[in-house]
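Below are two complexes that have chain A in common, paired first with chain B and then with chain C.
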Partner chain A sequence: MNKLVTTIKEAVELSGLKNGMTVSFHHHLRNGDYVLNMVMEEIARLGIKDLTVNASSLFDVHLPLIEHIKNGVVTNVSADYISGGLGRHFSCGVMENPVSFRTHGGRPSDIISGKTPIDVAFIAAPSCDPMGNCSGKYGKSACGSLGYAMVDAMHAKKVVVITDNLVKYPLADWSISETNVDYVVSVEEIGDPKGIVSGTTKITRDPVGLVMASMAAKTIEASGLLKDGFSFQTGAGGASLAAAKFLKEIMLEKNIRGSFGLGGITGYMVDMLNAGCFEKLLDVQCFDLSAVESIKNNPNHMEISAQHYASPTAKSAVVDSLDVVILGATEIDTDFNVNVHTDSNGYIMGGSGGHSDTAAGAKLSMIIAPMFRARLPIITDRVNCISTPGKDIDVLVTQGGIAVNPKNSELKERLVLSGLPVISIEELKEKTERITGKPEKIKKGDRVVAEVVGRNGEILDEIYSVC
Partner chain B sequence: MLRSLLFLPGNNPNMLINAGTLGADAVIFDLEDAVSPDEKDAARILVRNTMKYMNLEACEVIVRINSVDTSFWMEDINALLPYKPLVFLLPKTNCKDDVLKVCGYLSECEKKLEAEEGTAFVMPLIETAQGVENAFDIASCSKRIKALFLGAEDLTADLGSKRTKDGREIEYARSRLVVAARAAGVDVFDTPFTDVNDDEGILDDALLAKNLGFSGKASISPRHVSAINRVFSPSSEEIEYAYEVMMAIKEAKEQGKGAIALRGKMIDAPIVQRAEKTIAMAKALGIRGDENE
Partner chain C sequence: MDIIKSATAGTMESSDAYVEIEPGNGKNEISVESVVWMQFGEKIRTAVEEVLNELEVENAKVRVVDRGALECVIRARVETAVLRGKGEK
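Showing the complex of A and B:
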């Protein structure tokens, strides 16, 4: 049996891809990814039209996708996250059909259930053998975990692996097994290492970020959840990492040994693992070189699929066992609904990713955000887009105080008893507006350019055109 | 009660707007070294508007005006006196005449504003060899003086010594200022620790200052504020001991005893005084209330 084909074009032809079908891509190569563009270019050359692109995330490196939309090659897009440069085109209405935003847990759930079936999955792999056993841990384009590609590989009708590091059979320590792979293509480069992972992720030096981070760590300490067996997820943003640093200090001082750290993993979480703060890291995506090295060498740093990470329809997912998650927000309203999809002018610049999955699963879902960015207040009467419903958010930490969702009165009591500066979200909003004033509402366009699908399949919100 | 005093550049709106959230007991809006001569007027307006419109809640405001040998200091006072800073920090104070010059001008301004005379306060910044030698004269020359403040960067330049982390070159100046301030009955604040990335160093430096008798310490970085607050707050052991002392005194009085011992040591007046101070401080900081009384 020979799965090795010489060109992407040949693989596309052999896959049987036809007009109206769905192709999928993962985002482990992030803004360094070459594969989506290479594949779509060949598909366009072959004259195939009316495709749905189902990508776990899209970055600005994928801007050529806009031409394929204009030319009718792509007529539907589904993604968990779309970065700002690309998002602006969707907000300006480049595509007739609205973008379908899902969560990192909702996407695999819908693929598995057949709600959003994949006809052909194109999987960029930093290492692969000729039969399709592949991994993200090795090779010049190493990205670490391949967690977001695993469900695509298992459930797509056809699977094409594209690699720039073809190794002898069998590749040891594979993430995706040959049992799922139809074709393998070897190319010169699958991505630009500079865009795949950052060299290091650094904690913020911004004084306001540090104040918030310190308050976040104290909030976690006061919540009663910080004890042996503690589990934790945080993002790669500067203030979130600083919160992890402060938390690490508390854990080491009090000799608390957590059970696991989860999520997109940074070097900082690796440091916490190595310092004994956690017994395991469960990794769906690596953010930096330190995380890539760790997942390769440390058996306690384990790769998990997006389904295992966050699927709401799995028999259980790791988010269901999570104690605390620290999340960001572009806006939050007085009902604690959070927007991470659009910017202050209403343009698409993000997406839920694992935001609403972890918020729903964790015992304590914390938003860290400054009271204002530039001149705009972060707290509004109603967010421009509901990405994560307020019922899943427990607390907002800002430099001006900590607002606890009234649904969690026990947490509020604990924080007050610990002497933390608790304030109602309405008061915090007023306090902020005394500094910034109240901004005018964004004028929405008349077209729906994206719909936000909640992790359980409900439509949480619609995003309107801007231009 | 001031433990931490955080310098913020007067020409940085983002820092000024967040002044009340950085954890410092007081912020020092700086119109002097942090601001270049061509930005003095803009910084003055920014600081004035911050004081006029922003609510910094529990955070006190100190303003470092320009020194009396410049043409800026009177305009600084004119602009900011109406907004009642806690004190004006007077840089490069060499002798009591420097202070009296400012105090005289404050009196004139208070009259013009029809404010009660003597309600504006000053804190001389001692950062020259002459200033150190004149410390007691300076500290005791006016009722407007609330505290002395040591500035080690300019001082070491004046001394011709190298500024080091362990601060041996300023040992004399530190001790001299503490003695002078305490003799004059005013507070005294220590110079900032300038390595903003050294989280251990700030703890050691603050502890040294506390043990020498300083009331609190300044910082040029918000990152150092929590360490300073921690060091200058009474520890739970100190508070516990203070309450034990007060309890022992109470019991001794009830039993008509003259001399009392606690934990094998005689309790005398200075120990009681210190215990009272510790309890007052703990209460002011909300660390412990009356539950031990």
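Showing the complex of A and C:
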């Protein structure tokens, strides 16, 4: 049996891809990914039209996609996150059909249930053998975990693996097994290592960020959750990482041994694992070199699929066992609804990713954000887009005080008893507007350019055109 | 106060404003660009006008490139540009 084909074109032809079908991609190569562009270029050359692209995330490196949309090759896009350069085109209405945003847990759930079936999945693999056993841990384009690609590989009708490091059979330490793979293509490069992983993700040095981070760590300490067995996820933003650093200090000082760290994993989480703050790391995506090295060498640093990470329809997912998550926000409203999809002018510049999933699962979901950014207050009467519903958010930490969602009165009492600066979200909003002035509301366009599908399948919000 | 030469104040850093001033053609002409135009455009223009009035500047071209500065920052940058443009050290 031979699965090895010489070109992407041949693989696309053999896969039986036709007009109107769905192709899928994963984003572990992040802004260094070459695979989506290479594949879409071949598909366009073959004259195939009217495709749905279902990608776990899209980055600015994928700008050529916009041409394929203009040419009718792609007519639907589904993603969990779209970065700002690309998002601007969607906000300006480049595509007739609205983008369908899902969460990192909702996406695998809908693929598995058949709600959003995939015809052909294209897997970018930093190492693969000729039968399709593949891994992200080895090779010049190593990215670590292949968590988001696992579900695509298991449930797509056809699976094509594209690699730049073809190794002898068998690649024993596989993340995706040959049992799911139809074709393997070897190419020169699947990505630019500089865009795949950052050298080091840096902690903020901004004094405001450090004040917030310190308050965030103290809030976790005061919550009563910080004890042996503690589990934790944090984002890769500067202030979130600084919070992890402060938390690590508290955990070491009090000799607290946590159970696991979760998420997109950075070097800071690896440091916490190595320092004994956690027994395991559960990793759906590696953010930096240190995380890639760790997942390769440390058996306590485990790779998990997107389904296992966050699916709401799995019998259980790791987010269901999560104690604390620290998350960001572009805006939060007085009902604690959070926007991470659009910027303050309404342009698409992000997406939920695992935001809503971890917020729903964690016992304490914390937003960390400055009172204002470039004069724009973070707290509004109503966010421009609901990415994560307020019912799933427990607390907002800013440099001007800590606002607890009234639904969590126990947390509020604990924070007050610990002497932390608790303030109502309405007061915090007024306090901010005394500094910034009250902003005028932005005008929305008249077309819906994206819909935000909540993790349980409900339409949470619609995003309107800007241009 | 007469503006006798062109002058600048501020920077293009986020949360700052960059102000250019030069002698006018008989009246004040103000242009404002801002990353928060939709939210604060009118407030910024009013603040610039107020500073010019307070300093009795009646014949100047003022260009403000705002990068999300607080109003106190914008006022300070405009005032500095005016004082530099009138020739004070």
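Just so it is clear, the second predicted complex is superposed on the first by the 467 of 467 C-alpha atoms of A that agree within 3 Å, B and C clash if a C-alpha of one lies under 4 Å from a C-alpha of the other, contacts with A are read in each partner's own complex, and residues count from 1 in each chain.
In this section, a residue touches a chain if its C-beta (ideal position, glycine included) is under 8 Å from a C-beta of that chain, and two chains touch if they have at least 3 such contacts.
On a predicted model such as this, the values are computed, not experimentally measured, just so you know.
Novice: Between chain B and chain C, whom does A:400 touch in the aligned arrangement: first, second, both, or neither?
Specialist: first
Novice: Thinking of the overlay built on chain A, is A:49 touched by chain B (first), by chain C (second), by both, or by neither?
Specialist: Neither partner.
Novice: Using the superposition on chain A described above, determine whether A:444 touches chain B (first), chain C (second), both, or neither.
Specialist: neither
Novice: Check the residue A:363 against both partner chains and state whether it touches chain B (first), chain C (second), both, or neither.
Specialist: A:363: touches no partner chain.
Novice: When the two structures are overlaid on chain A, which partner does A:280 contact: first (chain B), second (chain C), both, or neither?
Specialist: Neither partner.
Novice: Give one of first, second, both or neither to describe whether A:435 is in contact with chain B, with chain C, with both, or with none.
Specialist: both
Novice: Quick check on the superposed pair: does A:419 touch chain B, chain C, both, or neither? Answer first, second, both or neither.
Specialist: The answer is first: A:419 touches chain B but not chain C.
Novice: Going by the contact rule set out at the top, does A:345 touch chain B (first), chain C (second), both, or neither?
Specialist: A:345 contacts chain C only, not chain B.
Novice: Once the complexes are superposed, what residues of chain A are shared between the chain B interface and the chain C interface?
Specialist: The overlap between the chain B and chain C interfaces on chain A comprises residues 435.
Novice: Enumerate the contact residues on chain A facing chain C in the complex.
Specialist: Residues of chain A touching chain C: 344-345, 373-376, 435-437, 439-440, 442-443.
Novice: Mind listing the chain B positions that touch chain A in their complex?
Specialist: Against chain A, chain B makes touches at 15, 17-18, 21-23, 54-55, 221-223, 226, 286.
Novice: Going by the contact rule set out above, which residues of chain C touch chain A in the complex?
Specialist: 14-15, 35-36, 38-43, 67-71
Novice: Could you list, by residue number, the parts of chain A that touch chain B in their complex?
Specialist: Residues 205, 207-208, 210-211, 214, 371, 399-400, 419, 434-435.
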